[in-house]
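Per-chain numbering from 1; labels A, B, C, D, E and F assigned in written order.
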Amino acid sequence: MIEQNPLIKQIIRFALEEDLGEGDMTTDAVIGPEMRGAAGLLAREELVLAGMPVFEQVFKELGSQIEFEEYFKEGDLVPAGEKVCLITGSLALILKGERTALNFLQRMSGIATLTRQYVEKVGSSKVRILDTRKTVPGHRWLDKYAVRTGGGTNHRFGLYDMILIKDNHIAAAGSITKAVKLARENAPQPLKVEVEVEDLEGVEAALEAGADTIMLDNMDLKQMAKAADMVKGMAVVEASGGITLDTIKDVANTGVDLISVGALTHSPKAADFSLEIVGA
Amino acid sequence: MIEQNPLIKQIIRFALEEDLGEGDMTTDAVIGPEMRGAAGLLAREELVLAGMPVFEQVFKELGSQIEFEEYFKEGDLVPAGEKVCLITGSLALILKGERTALNFLQRMSGIATLTRQYVEKVGSSKVRILDTRKTVPGHRWLDKYAVRTGGGTNHRFGLYDMILIKDNHIAAAGSITKAVKLARENAPQPLKVEVEVEDLEGVEAALEAGADTIMLDNMDLKQMAKAADMVKGMAVVEASGGITLDTIKDVANTGVDLISVGALTHSPKAADFSLEIVGA
Amino acid sequence: MIEQNPLIKQIIRFALEEDLGEGDMTTDAVIGPEMRGAAGLLAREELVLAGMPVFEQVFKELGSQIEFEEYFKEGDLVPAGEKVCLITGSLALILKGERTALNFLQRMSGIATLTRQYVEKVGSSKVRILDTRKTVPGHRWLDKYAVRTGGGTNHRFGLYDMILIKDNHIAAAGSITKAVKLARENAPQPLKVEVEVEDLEGVEAALEAGADTIMLDNMDLKQMAKAADMVKGMAVVEASGGITLDTIKDVANTGVDLISVGALTHSPKAADFSLEIVGA
Amino acid sequence: MIEQNPLIKQIIRFALEEDLGEGDMTTDAVIGPEMRGAAGLLAREELVLAGMPVFEQVFKELGSQIEFEEYFKEGDLVPAGEKVCLITGSLALILKGERTALNFLQRMSGIATLTRQYVEKVGSSKVRILDTRKTVPGHRWLDKYAVRTGGGTNHRFGLYDMILIKDNHIAAAGSITKAVKLARENAPQPLKVEVEVEDLEGVEAALEAGADTIMLDNMDLKQMAKAADMVKGMAVVEASGGITLDTIKDVANTGVDLISVGALTHSPKAADFSLEIVGA
Amino acid sequence: MIEQNPLIKQIIRFALEEDLGEGDMTTDAVIGPEMRGAAGLLAREELVLAGMPVFEQVFKELGSQIEFEEYFKEGDLVPAGEKVCLITGSLALILKGERTALNFLQRMSGIATLTRQYVEKVGSSKVRILDTRKTVPGHRWLDKYAVRTGGGTNHRFGLYDMILIKDNHIAAAGSITKAVKLARENAPQPLKVEVEVEDLEGVEAALEAGADTIMLDNMDLKQMAKAADMVKGMAVVEASGGITLDTIKDVANTGVDLISVGALTHSPKAADFSLEIVGA
Amino acid sequence: MIEQNPLIKQIIRFALEEDLGEGDMTTDAVIGPEMRGAAGLLAREELVLAGMPVFEQVFKELGSQIEFEEYFKEGDLVPAGEKVCLITGSLALILKGERTALNFLQRMSGIATLTRQYVEKVGSSKVRILDTRKTVPGHRWLDKYAVRTGGGTNHRFGLYDMILIKDNHIAAAGSITKAVKLARENAPQPLKVEVEVEDLEGVEAALEAGADTIMLDNMDLKQMAKAADMVKGMAVVEASGGITLDTIKDVANTGVDLISVGALTHSPKAADFSLEIVGA
């Protein structure tokens, strides 16, 4: 129900403004406002569907009485060539909203599809795939919604909903112990505390300081396995840094609980959709 | 001078809001507002730099007195491992703006870097590489600026600044001739008129209708060459549809004038940067 | 379909805010929310109708269920004393939206009516009447829409959709030739290039530099005729500067293609409408 | 100090957005960001200056370090041909803000100049010239500020700051007496109450009901004189409806206290300014 | 009809954004979007109802098709334990809007209830209870609407709709006489003029200067009585400063016309409501 | 550093707009823009200072060059009659921003002062005082910042940063066990899970379901003590519902870990400040 969020409506309006500007010069010149039409949304490759509520809200924002008949639902794996939904209404409005609506959908489904690939690689393991804050500015909530739709789990949404102590915080505080202590004392809420460490001494210090989660930053497989072994349920262990579809299975086998993958949101390939007018 | 644009300031503010929310819980808890620091922006892979004015504006928006010493400029090819700039000022503010600033920069430089690869593939040819409207919602002007910075050329910015007659417009109007005539008569400005065609009859009809530009949609190399030959300077010829780094050289050799590539903005890989605190 | 544009909705909201402030003190004190009424929109002088979709959107923005029966359509010449439309719904809402709705309509119809006068003066000539960027801040798209509705043609919408090289650009570049060359090389898109010139040497230089359009700035009739003769179809010729209803016919006879008239949007007389409650 | 108002900053930003769009294609292509220049603002006709703080704020909003040397101040009568101020700073920024800044200034000074003409017509009389709510949407406060600068007086700013009982309110309430009574009882504040009347019976009823101000709507001179005589200081008398520069002196002589003139803000002629680059 | 005001819609949207953020994590996880429910709004103490239109608009803003059956109307005294209205619709949406809607209602009804207490204390006296500008930022119009709903009268809404000359203005002008003269001459509108005075000399000076209203600032009862006696209908007299439920009756008996009470809006106790789901 | 947050800047702008409207009619009429002045901010009662960065930002937003000399810092207990800071700059600007700045400060310091009273009541106990989401719409982050400044701890900021399962969620899910299970499975992040219970069976069920925190809703002291005893460190225990300054010490003695108090933000008394011009 992400489309009910006032901030999502705002980014949709912003996107329409930048595409429409002072008007759709072609459609307004060529197509009468009274013409009705129907359009099929097609998946041109196999993909995980994400973003349909936003796709539809784009057209609703234009003020149109457009109707949608959906053949797949959020999170479905849509085979290449399948029709995802049928759109009926004013032909001019369908054409005006088309690109903006597709731009949302292709990114969100692209993220969901990529996430699904990572999730399937780790298979029956109980390791969870996490995203990061490496999202496109203004799309944080849409990007993270898409990760969930693809079967991933969200890491923190922003700087505000979790304590994550990184190297610079540790350097400023003097030690991991001091940094965790300061964080627990000064944080406005009893937020979870995660500590980023680079070696096994760091793991030990974070454990002793009482971190809820320990992030292993750019460790090799051997170190990760040792770290996971040291922690053994006393905290949650997250692997992070340069993990790809090729390496994720091995990382999952080290015994970590979470694997975060920046590429899910910073470098997804757009899912390939097209909108075909089927009747005017 | 893109950072002077009021709409760009607005998307920067929006991005900071979604990351900061009610505050940076870690930094506010651990790092005093009076601590000063310096951070080096590093390129962790070879890349074409794009987006530095936006990167810097993010920190300025936070109200900080942060200073920037730049070692490369927009459009430069930065070798892997090089320091791009040095940032000096309040340590807390640097940490609060870091991710948002990097999220802009990694996308924009990713687009510029990908564009440069396409431009270099066509080499000394005078064919120009164009982007499309397949951009991330809200980032149209930033995405297109990045394409230019990478050596590409911008296709239209939105539905408002060019007439582009597609199949649906032709179907609604009855024929290419009629659609072009309607467009020239009804368009508010003497905008350039481009017609999308799918075969050689289309090329002929578009030529006769007086199109300024003819877009060859998903034609094979042989057809493109014939089309380019038919047009011979009477209009501009644009190739479009599924063109990749592997095929672009052959397409360029068909004699077309422009090649548009959706992937530049819908599927760029984020350029890999990091921000390293070098002194607190 | 200009009222679908998100930015137009925003200026309507802004206008309602400035008129309503903390409420319509008179109507809220005197008229019950349940009273229904009808109002006739009257043209109190002959005018060209422009702005009805915006007029209606003002009332819709107030959240009312108001209905409109229209007797004329956009661009119609409405004789003095005619009823333009009938409005039915909550009486309080009609009164609250009245002034704001009329303020949009009287300006837009005023522009359309003035434009029609200029267009008729040049009569059967194929010369086109253009507007300028001398519009009221925030009303650019509404003003230019009104010009089109009156039979005029839009010059560029802003600094973004055309290259227009003026004296200052020429001075900075060193010469017309250099300025056009810089513009063609550096412009992000293959935009049309217009050059503003003040004498016949300028015309010649602009022609040689390959300008698409040449603007004759404040030339006398004789010079304009010579300029038009020199260009003879090699470029489009635009006359500009201080042209009035008295002089436009002579200017049109010089052979120029376009005549731009700042007064259309910087000094229109408001069209005279009134809203008469016809039944409560 | 109108430029300090947050809403005025907002309309300035909006105006810059509509003119700049994705950028000033000409200036960015032709003029380097490092070039400095100076420009003189010239009055090309005699005018009353209004709007300089807004004019200057436009450039400040672009983030520039531009300096202004002013030779006239708000409300001054500037002779034709005089230099109003000198602007020094980045040449590119001066060119980017030029049109938007002038569009504010030419409208505001046009209103002030027209107002001054009406004020001078009534001469030494103590009758005051009022504006109306017939302003351009979004410019209410700027328009009314310009009227004051021209020597006029502001009528109410919106529906919120005065009770003004018009014919429809009277019809709904049943009588002038009842409408005034309802207004006094229900109004949230002890606001002044004005009643619009169309004949002498109306004047009498309004007087008896205790109106603070009585607006004579479209009466002839004889009626106005009688009305003024009937009221004799028991209320303020305002003449309204179709009053022009030709008729205002006679209206003033009838003994009314206030004359409201819609044309001040609905149909001003733009004051003629130009910005001349004087050194680059 | 305050909920029609565009600015009120904006503060509602802002409030939903801050509560919903990236989503209602609990409801989205536990309750299906298709579940319907009903909820009763209960008054848990005796209160004066104010804010129902805003309460309902919160849910409408979420895009829901929620229906409201109201048992009390604005301004009603609701006994403790009574059901105020019944809400029917999507259960998830009711839960998402609940807290935001209640936060508006509890503040507005709290203000109305407190105002009613003051109004009842002065009883049959014709003294009116006024609010001040000591409102919560962004809630000025809602706070003042609530005061009216509780039977109070609004003092000025802001700095814009009345002249109120305070000690600092008097000091800057040199004397009360000069300050009033400057205000009458320079004010854009014939606004009412109120003068704040601290002693009886001030009252005399304000009277002579022709103030419409004289505000007695922090005077004792004896002084107030003398001041009221001195003024005797030549101006309106307002008592102000530290007046409480305990002292207001005595103040009213001094003969003043108005009593302003900052506590109405700066320190109201929230009215106690709850929303009980009655069927899912 | 809350004043750096873009959303806080927005609410400040909104507040200035509602107070300034079309201008400060008194100050603009009486006080010249060139006059400078100084003002002392005084605490008229003992209070805990909170909100100074917002107070100062109000003036900065007006564009002024105002300087602040601070004698107390956030969270300080300021004795009655003390000067909190000295403000120097344009007198007109100080007067224009005064009320808006004070309105923020009096609310925030009022909340901090009330919070301090609750915190001191529980004394040396390690029980923490929490706020709720019962905040003024648009002020959530400011209200919660003020609670922290007063020594309290923030409960969740919104619906987005914690799972809080209430009776309606339990009813919809069928049981506490099922609701917790759904929440853990479906929540996008590994958020903390709190369950609201009304009796000891609820406590037991919540414990078994693995809740991180258990909220005892409106239990009596005996039940709370039993509940605290049952939980004994296996979860965090929060007391909630109708707890006042009179009862909080007893509640703290039951052994609960957290006590949430809605009154902190829904019914604070404004702290009493005044701004005295000390030199003009």
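Assume contacts are C-beta pairs under 8 Å (C-beta built on N, C-alpha and C of every residue); 3 or more make two chains touch, one makes a residue touch a chain.
Computed from a predicted structure; not experimentally measured.
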{"item": "Contacts common to subunit A and subunit D (chain labels)", "value": "B, C, E, F"}
{"item": "Selected pair, out of B-D, B-C or A-B, that shares over half of its residue contact pairs with E-F", "value": "A-B"}
{"item": "Rounded Å distance between subunit C and subunit D, as computed from the means of their C-alpha atoms", "value": "22"}
{"item": "Between subunit E and subunit C, distance of the C-alpha-averaged centres to the nearest whole Å", "value": "44"}
{"item": "For subunit D paired with subunit E, centre-to-centre distance based on mean C-alpha positions, whole Å", "value": "32"}
{"item": "Residues of subunit B engaged with two or more neighbouring chains", "value": "7, 20-23, 28, 96, 140-141, 144, 157, 160-161, 188-189"}
{"item": "Interfacial residue positions of subunit B with respect to subunit D in the complex", "value": "1-7, 140-141, 144, 157"}
{"item": "Subunit D residues touching subunit E - in the complex, by the definition given at the top", "value": "144-145, 148, 153-157, 160-161, 188-190, 192, 236"}
{"item": "Complex contacts: residues of subunit B adjacent to subunit F", "value": "13, 16-17, 20-23, 28, 33, 61-64, 92-93, 96"}
{"item": "Complex contacts: residues of subunit F adjacent to subunit E", "value": "7, 10-12, 14-15, 18-31, 35, 37, 91, 95-96, 99-100, 102-104, 106-107, 110, 133-141, 157-169, 171-173, 179, 182-183, 185-189, 191, 262-263, 266-270, 277, 280"}
